[in-house]
Amino acid sequence: MAWFRKTRRKKPAAEKEALWVVCPGCKAHIHKDKWDPGLNVCPECGFHDKLTCRQRIDLTADAGTFEEFDADIAAGDPLEFSDARGGYADKAAETAAKTGLKEAVLTGRCKLEGITVVLAVMDFRFLGGSLAGSTGEKILLASDHALRHKFPFIVFSASGGARMHEGIVSLMQMAKTCAGIARLHKARVPYLSVLTNPTFGGVSASYATVGDLNIAEPGALIGFAGRRVIEQTIKEKLPDDFQTAEYLLEHGFIDRIVHRRDLKPFLSQVLNYWSRS
Amino acid sequence: MAWFRKTRRKKPAAEKEALWVVCPGCKAHIHKDKWDPGLNVCPECGFHDKLTCRQRIDLTADAGTFEEFDADIAAGDPLEFSDARGGYADKAAETAAKTGLKEAVLTGRCKLEGITVVLAVMDFRFLGGSLAGSTGEKILLASDHALRHKFPFIVFSASGGARMHEGIVSLMQMAKTCAGIARLHKARVPYLSVLTNPTFGGVSASYATVGDLNIAEPGALIGFAGRRVIEQTIKEKLPDDFQTAEYLLEHGFIDRIVHRRDLKPFLSQVLNYWSRS
Amino acid sequence: MELDFEAPLGDMDARIAELERLNRKPDADFNSEIAALKRERDVRLSEIYETLTPWQTVQLARHPERPVFADYVERLCDEFLELHGDRCFGDDRALIGGFARFGGERIMLIGFEKGKTMDDKLKANFGMAGPDGYRKALRLMRLAEKYGLPVVSLIDTPAAYPGRDAEARGQAEAIARNLTAMAVLETPFVAVVTGEGGSGGALGAAVGDAVLMLSNAVYSVIPPEGCAAILWRDASKAPQAAESLKLTAPSLRDLGVIDEIIPEPPGGAHRFPEAAMDAVRDAVQRHLKRLRRMNVRRLVDKRFEKYAAIGKYDNRKYAQH
Amino acid sequence: MELDFEAPLGDMDARIAELERLNRKPDADFNSEIAALKRERDVRLSEIYETLTPWQTVQLARHPERPVFADYVERLCDEFLELHGDRCFGDDRALIGGFARFGGERIMLIGFEKGKTMDDKLKANFGMAGPDGYRKALRLMRLAEKYGLPVVSLIDTPAAYPGRDAEARGQAEAIARNLTAMAVLETPFVAVVTGEGGSGGALGAAVGDAVLMLSNAVYSVIPPEGCAAILWRDASKAPQAAESLKLTAPSLRDLGVIDEIIPEPPGGAHRFPEAAMDAVRDAVQRHLKRLRRMNVRRLVDKRFEKYAAIGKYDNRKYAQH
């Protein structure tokens, strides 16, 4: 076995990476043929790794039906914010160049198993999926489109919270997006919230938790304050399952935990219960 | 002192009773001059003893303004119920003769510091203030009068729960009275619930706990199930303050605990906040 | 489980089984005896089930083999999508609900789960819901209102849970709030008492436009044992109390509390669960069809009138809403 | 408590006090010196308060002698009838409210209580509300809607409480539900940031038609220390973070987040609490008068437009409601 070990050790890292995926959940090395990169779920432990918004749309929209809204809306810089590492505008531009995204959310319209829906999909790669002025604006515009046409509205959240580089403008997006949701509730237009790992702060405390149904992916961490902040405050260790989707289900805040591969049929099943009469 | 003691012991019981009131709360002997029979509150420990519905109306209505509703409605006997001790109809008639009441609730209209209000006042003497068909009917008729005229509706509850001699008819009064309250809520007519000792079962689980404000008298016992039933179920002793008004306040179900002598001004103060515009 | 009054049936079933065993031997021919015995058994069954006392009905209503919520879901629903949580504190397992398809109809199905295995029963707290259950049910009713779905509620609970935490978290208030909300809920509501209709605990999810009841179900303000303990000062007088309480379906229909009795086959729902459940489906569908045709405003007015009429004193009119 | 940047004032106040003490002696006459010193002190005070840095403003907003909710009630309300409980779990002491009369106006007053004595502070959890607080506030807002009362909300909280139980009982959901409800609440709503406007915890009771702010209050998405720890990797860089976050009243007005700055006297609300509170009263009354004249439908539409405009990309129109 020594020889085999040696050989493995000698393998160039690049080649090894190409062949094996290391699961961020169980740390197992999964052969890439077994790891579906579109789904990004560990076949061993079921860990749901993050998806890009494009991956999410591919999993959700019927092929070729997604029409993006407001693709031109990019992160602004209302505070002309800069920190130790420089200006926020530069940072946002850099992130945009790296990710090909202009904001932390992609919105648009598509068919979902034949039903026209409006989607808003957050992308954690864009500054931690943070909620900022133009994020909120895109979400409100999308919910407004849903309202006008009575299309169901579905949001996939993945966010560390509000984007502090936009300060109070970012905070106000909580009120702004919730105002859009309130209008959907009043007009009896379905609003489904899908919470994915992680959903915290300004996003969990606004549109993400006021869905007609709050749906979560398995193991997703969801909460208001971060675990470390809470541990510092209460000077206690928190249980392992604290703030997991399963914990929230038990505490009454999540309707269903749905495995990623079942999510699309689940959403369509739910929407089939809605009658427009 | 021996002589004094002897003398006191020799006093005929009747005379002693006439001079002293024994507080059911602290068991203290209170001289009758210090015990206001209209208020029925112990000056030593603040224990709120039960009031008859007439006493309650005297404490609440401006003098001479109370006009009773539906004085002719008497307990029916929808089940033709009888138990080991005979028929319910006889028992109700006997209670009526003894108390001068036809049902466990008195309803009517009056002024309360100049504001016209509709009152429903329960009387524990009438079969434990139990909720039965004609109790519910009187309460619904009273709430309906309040609804038509946009007069605030105030209910004083004191009840062991539903009247089992009227079986399911009694149970249905919970739905019936709550339907009346629902109409007041929708029409934005004030509904104030005053919970007095005791308020349990079918009354606490219907109109008594859905007030715009739930107001309780100090120390009033309020709950769904009785303490003994719960202790038998969970096989545990319950804390002393369990199901007291103070306990319910702490748990978020009571807006205010108000001493009986302050209740009328309190109610008028609240109603002054209501604008009919 | 065999109930006392069913004992003669058990004896006859045993004899039939014995003859059928013998009949399997070569040359044996007990066919006519078996047929005769079966006829006799069926006659006896009908006799017993036609002359049930209220106390016997209580026992049937509580029969552990009677279909529970999960059975109804399994047999009647083409689809059931349970929805969890009261968005406040927890997810009660005694009172559950979700989207369902029920013979082609899209509905919001809620109901009490008693559980079948001991594990299930413990999880479901023997069908006794707490405030979290009532609050979840209310949330689902409001969701039904938003989605344009009628509510169907299956009632089978001994009582709302009389526990310390249930009291601390507002058992009374939770039920009261539901009663108040159901009175003006803007969607059709059909409640079916399928087993035990246990007092306020049952009513807290049962303010229907139509209230239906299986023929061996009971619906009562208090369990007969409790009533006997209080009014007879002797819990063993439960049969008398059951008699006095008029808790069976025919009495409840006469009192105007229920709208229709859904007949169980002679022998009861525990013996013929599928037939009983199918009868529930047919009745519910019929009422849904009727209620769906009504304008919502009129529906809510009618619901008010229905409850206002129970225990009504005379012809005094209420305000038009 | 003396803040760093107020130290020169302290020195001058000490000298004035000393001269006044000497002046009480017979034959002493320091009147003109005292007067001169007082003028000098007032000039210095004005200078300091006209050139406050954002970080100094943060310290003022948190000043322990700044008026708290109880002080506002005491000074501004002819009547305050606190109402308790969320009708669900508890009665939060950090976020409280009730009926109030406020210069002749009947209102529903809600607000965060920080407490003055250590006992009060502990009871009020230092002004950090939990889900029970937000749910109670929502209940009171709905009551205000029913009773035709405008809501006035006084905002002074470091944050929503980051605790284990708060999370377990749905801190995020409670705030989110409030935001959604306030957006369409059918009654006028005036929010005043009187001290610390701490992120989502503040906003959870502050979606007003008019949002006013005392001149030394702050309102921020994150405390400067937290922001510095994350973006500067050094909590001591809080002054820089405070600068960058634009959390003072003038910046917030320029950003369209607040509608009006209520000026505090030079020296601040902790030095002149009564004048500061009276200014709050006057501003609130003025806005209530304006808002009460508006039709409710228009009020709610305007409120939507107000929040929709913050962070707006261009002139894209939203649906008419």
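By written order: A, B, C and D. Residues from 1 in each chain.
As a convention for this text, a residue touches a chain if its C-beta (ideal position, glycine included) is under 8 Å from a C-beta of that chain, and two chains touch if they have at least 3 such contacts.
These numbers come from a predicted model, not from an experiment.
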Co-neighbours of subunit B and subunit C resolve to D
Going by the average position of its CA atoms, which chain sits the greatest distance from subunit A? B
Go through A-D and B-D and name the pair with more C-beta contacts between its chains. A-D
How many Å are there between the centre of subunit A and the centre of subunit D, using C-alpha atoms for each centre? 33
Subunit B and subunit D: spacing of chain centres that average the CA atoms, whole Å: 43
Using mean CA coordinates as chain centres, what's the gap between subunit C and subunit D in Å? 54
Using mean CA coordinates as chain centres, what's the gap between subunit A and subunit B in Å? 54
Multi-chain contacts in subunit D: which residues touch at least two other chains? 87-89, 169-170, 173, 177
Subunit B: positions in contact with at least two other chains: 185, 251-253
Following the definition at the start, I'd like every touching pair of chains, please. A-C, A-D, B-C, B-D, C-D
Residue ranges of subunit C in contact with subunit A within the complex: 79, 81-91, 99, 106, 132, 136, 143, 146-149
Name, in rising order, each residue of subunit A that touches subunit D in their complex. 70, 73, 76, 78-79, 81-85, 132-134, 136-138, 140-141, 144, 147-148, 162, 164-176, 178-179, 181-183, 185-186, 201-202, 204-210, 222-226, 229-230, 233-234, 236, 238, 242-243, 247, 251-253
Interfacial residue positions of subunit B with respect to subunit D in the complex: 185, 188, 190, 212-214, 249-256, 269-270, 272-277
Listed in rising order, the residues of subunit D that touch subunit C in the complex are 87-89, 135, 169-170, 173, 177
Write out the stretch or stretches of subunit D touching subunit A in their complex. 160-164, 166-173, 175-177, 179-184, 199-200, 203-204, 207, 219-222, 227, 230-234, 237, 240-241, 244-247, 252, 255, 257, 303-304, 307-308, 310-313, 316, 318-319, 321
